[in-house]
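Here's the structure, in structure tokens; my notes come after.
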Amino acid sequence: MANFGSDNAAGIHPKIIESIAAASTGTVPAYGADRLTELVENQLADIFECEVTVLLVGTGTAANCIGLATLCSSVGGIFAHSEAHIVNDESTAPELFTGGARQFAVGGSDAKPGLIELAEAIDVVGARGVHSVQPSVIAVSNLTELGARLSAIEVTAYAELAKSRGMKLFMDGARFANAVASGDESPAELTWRAGVDALSFGATKNGAMAAEALIFFNPSEATLAEFHRKRGGHLWSKHRFLAAQFEAYLENDLWLELATFSNNRMARLREGVASSKNASILAGGDGNELFIAMEQDVATELGQRGHTFYAWPSLPKGYRLVTSFNTTDEEIDEFIDDLK
Amino acid sequence: MANFGSDNAAGIHPKIIESIAAASTGTVPAYGADRLTELVENQLADIFECEVTVLLVGTGTAANCIGLATLCSSVGGIFAHSEAHIVNDESTAPELFTGGARQFAVGGSDAKPGLIELAEAIDVVGARGVHSVQPSVIAVSNLTELGARLSAIEVTAYAELAKSRGMKLFMDGARFANAVASGDESPAELTWRAGVDALSFGATKNGAMAAEALIFFNPSEATLAEFHRKRGGHLWSKHRFLAAQFEAYLENDLWLELATFSNNRMARLREGVASSKNASILAGGDGNELFIAMEQDVATELGQRGHTFYAWPSLPKGYRLVTSFNTTDEEIDEFIDDLK
Amino acid sequence: MANFGSDNAAGIHPKIIESIAAASTGTVPAYGADRLTELVENQLADIFECEVTVLLVGTGTAANCIGLATLCSSVGGIFAHSEAHIVNDESTAPELFTGGARQFAVGGSDAKPGLIELAEAIDVVGARGVHSVQPSVIAVSNLTELGARLSAIEVTAYAELAKSRGMKLFMDGARFANAVASGDESPAELTWRAGVDALSFGATKNGAMAAEALIFFNPSEATLAEFHRKRGGHLWSKHRFLAAQFEAYLENDLWLELATFSNNRMARLREGVASSKNASILAGGDGNELFIAMEQDVATELGQRGHTFYAWPSLPKGYRLVTSFNTTDEEIDEFIDDLK
Amino acid sequence: MANFGSDNAAGIHPKIIESIAAASTGTVPAYGADRLTELVENQLADIFECEVTVLLVGTGTAANCIGLATLCSSVGGIFAHSEAHIVNDESTAPELFTGGARQFAVGGSDAKPGLIELAEAIDVVGARGVHSVQPSVIAVSNLTELGARLSAIEVTAYAELAKSRGMKLFMDGARFANAVASGDESPAELTWRAGVDALSFGATKNGAMAAEALIFFNPSEATLAEFHRKRGGHLWSKHRFLAAQFEAYLENDLWLELATFSNNRMARLREGVASSKNASILAGGDGNELFIAMEQDVATELGQRGHTFYAWPSLPKGYRLVTSFNTTDEEIDEFIDDLK
């Protein structure tokens, strides 16, 4: 029986549990003034090959919305794809943290905001002055919400649009590891070198317990970020346990090893689905997510056989399959056998 | 060398680490739809001897502010002691979560809001109609911010005042375990039987990693709480790891065992301080916090000998000493020796 | 030269100026505790044939957003047509006043939210629980933003949908006078008898200076409205001058006389446009707004001849024409002559 | 019978009514794009002898809170006297408009924030980092809430403190006209030359209907102010009627004439009170406000004789007397006769 429901359904990688346990004894300063936190900041500076301002938090919604609140005033507008997590899956957290900024959603294939549509939406809003908002942030996801990978050249296109309108570029990287692992572009190339201002760099979905890093590539833009974290209730007193997760996650590139693992499992799964007459691929597959079409009765039967996965109502007869760091080949093969 | 800086400086109790580790394998539903979460809800219902609505979150600020946002509208007023954590130590989180409600701070010994002063403040505000706010919540802490324990009869007095003004009573229980362990009144007697509407029940300071339970004793008042948690970014996707902490924390009354332990260490420390000519006790000592007066040079010397503790500027020549679940008798004795 | 730019471009009706002037001497209590305010409340109760809670404010955005903030919590969702004023023309005022509630926009002809699309949007959101919002308010406009009149039976359909989902029905009545004047249904029939919970009843566009009445038909739902008005900065200290405008506006049905006048001017204008080969009617005409299609060069020429009107980009080659209480037949005839 | 209740109880000066009436015919562009608005901007630039950014609104709360929201982020702190209008009399409007910034109140005689206490409060907050807020604005009132006038040298002291901490200086000038009229310092000397960043310049209490000008002396700081006005619902569509009030108010220094008049009436009233054995002067008298102490029975008897004035609970046996542009010598003499 396969569980392709979500990478959130997976647990914690043993090395990360070990790191938490190793940090659990002794007394250290609270609120991030500890050495483990400093170590992680250095690890991230190394990985991204630049000076960074880092804020560790426990959830992706926190990382995204603290980032947006830092880059966008309460009278600002945030432009994203209509499938984006911040648009669809974070309740009104963006409104709360920004003080009431508004999101504008556009279309585009593979949950990549269409560049022309994006520019048009920004310009329509911008032309309306105080009757609308001040266009402030373009937000993209990598992987996108439909499992596609943005290349550095694509990111650059969004950045150029943002810069041309005096806006910032934010990247939701809940599955950034999978994006990096599925291409040959470095973390730096996919972010600040392409013009990204801030990134929420996820670990939770890729083997951590509850840990996301909000990374600013231009520290001068981040001066208020720590206040936004605190007032959001996201400054852990025992901050070292956020750091401990990241320390293990980054050490020896565990993050890439786990992402590569789940991406490889997805490649096997994708191949299996592609060879089946009972399903067709709709989107994704670049990383660890695949979106497929199945008839209702096929899906029902797979469910009855114990496989877990979710419908994706915005796609026709759509379903989402997600692999994770603990997906097994057996699960995949069993699912494919049952699908055929 | 003693570390009396904060119970936040302590790590994680071994049983709680074990519980997290035990939960870390396999796949379970995300966002709290797992069996461990259900188990914890049942444990808490048993401990409090009533039906409860429980929300687990990672920080005390989150528990407090989601609770306040649930009980208090954006045009409401929250009345608390001027030393209270929500007044002094949570940035503008209460304003953020409530949408701009205002806190009114009163005095009172031992950081217990003075009842007469409290009633007067409420009535002054209430009489000013729309020019001020709608008095909505009385917030108390147990232990108080100055380490005192509220008895059931004291809590009842606050509850009666709240009810007489159509207000709710909220309790910040970041150190509720220490309060329970230092008296002979049950959790139920100290909360809902005395008239408390909602409690933030802390675990982090008492041996957990990052876990607080926001508990509503009248579930019908809690209908919007889950929305406030989500929009605050505090709904963990791998929610089982909040539950795993609580499961171990509550199992076999570990929470009371740890609180009793730190309270007992405090008793020893208090006795030592009381016998010293170089310090006098100002407040606290009911649980695991003690507030003492020392001359500057005494404090400096203790610091130079490696002891950790913090000045408490609101008290004259004041310093705070906190014991935790991992404080040792050796630390205490060494500190007392150095103090004398 | 005709000015069909907006009814906002018109001035103040002489009777309303006289009423302000008459109220300008002597001393009266501030903040609405005056007799003129009481008189207006009684006038509105008579006109709507029921007990009402009334709040007078200076702008339509204030009336709309104080109303929405009263009916919708910060975790709620507001469902409206994508052309609605609250969606398109009030910056992020709805977010500000509600504390971050989210608007969901649907389509529908004549800027009437399509009932099926509306129900579907509500149900999709409602099914997503805390990941989205709590569906709370359906907001309609009468006249709609495209100049159409909602009949009582249409309003009832929205109300039934709202009630079936536990939601409230709000009506933006910036041009409610024109809606009433263009049919034979009473103010009561078009509002509370059809299930409207609250109405912003406009006067500014129909001859007042700056005056809108926010009316709640179920006073028990309005208990927090006065706080929202005050904290929005919309409680006038010299409140009598809001009341003075309404007193004259309502006295002897001046409001209906003025709306009938501008509706009749629109009838003449519509007839003229209908007979022209250079324009076609796209929408509106029920009240005092008409939406027409013209070729760019026709519009440019009309502008060069001194006529004022605005493009309406959401309609193909669309332009909006608005009449007001001081539109003259000469303006209309001159415009039609130049159009032909 | 005298009415010393509030300058809000007075009506509109005839010249201001005339100006509104004169503007009420014809059609002009909405939302402030009219010539009258431009004229007022020029008048204000002349009066303040510098380039200014001006926003006209209908209430003092709006002017104050749009100003604060422009100068202070949602994570900022605003420091003011505990008697200040923004602290005491505007509900939670400051929280709403700023997105949850916090006010810190200090004492000081005559409702002037004590400079040492102010500096200390700022430094305590500033030292606490993210656990508190970012000190952002010092807010003073001129006249103060207890009727005292700030001199340029006093304003400079606040400005120097603000600048030394990287903060802005905001002035609530609801009765700025009375402050200017009661001294010999120019508007420029009392504001930007002394270091004020923004001023809410009141007209309502001094003869206008509903009109306040929010003035920024450093236009580059005001770029978001218009968005804050719009999202607060304070951008009048028929904006010319805000401008018309100011045009008459500023023309030929009517504002100073009216303020001088009410100040002179206050001088007569103050002299009368000073000569009475039944009252003593507590504060005020610089402009048009006086705070006096009376025994309860004296106050009651004055009330029974038809005089209107209000108790001021924060002063011992305190009552406030306010004169306005339409106070008569007869009122004053009758009141003094009855007082003696």
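Letters A, B, C and D mark the chains as written, and numbering starts fresh at 1 in each.
As a working rule, a contact is a pair of C-beta atoms (placed from the backbone, for glycine too) under 8 Å apart; a residue touches a chain by one contact, two chains touch by 3 or more.
Just so you know, these numbers come straight off a predicted model, no measurement behind them.
Asker: Which neighbours do chain B and chain D have in common?
Answerer: Output, common partners of chain B and chain D: A, C.
Asker: Which one of the chains is farthest from chain D, going by Cα centres?
Answerer: Max centre-to-centre separation from chain D belongs to A.
Asker: Between chain A and chain D, what is the separation of their C-alpha centroids in Å?
Answerer: 49
Asker: Centroid of chain C to centroid of chain D, CA atoms only: how many Å?
Answerer: Between these chains, centre-to-centre, one finds 33 Å.
Asker: CA centre of chain A versus CA centre of chain C: separation in Å?
Answerer: So the centre of chain A lies 42 Å away from the centre of chain C.
Asker: In chain B, what residues contact two or more other chains?
Answerer: If we look for residues of chain B contacting two or more partner chains, we find 74-75, 90-92, 95-96, 99-100, 130-131, 133, 227, 230-231, 235.
Asker: Provide the residue numbers of chain D that touch chain B in the complex, in ascending order.
Answerer: It is residues 74-75, 88-92, 95-96, 99-102, 124, 130-133, 313 of chain D that touch chain B.
Asker: Considering only the defined contacts, which chain C positions touch chain B in the complex?
Answerer: Answer in residue numbers: 69, 73-75, 99-100, 129-131, 133-134, 224, 226-231, 235.
Asker: Residue numbers of chain B touching chain A in their complex, please.
Answerer: On the chain B side, the touching residues are 3, 5-6, 8-12, 14, 17, 20-21, 23-31, 57-62, 65-66, 90-93, 95-97, 204-205, 209-210, 227, 230-238, 241, 308, 326.
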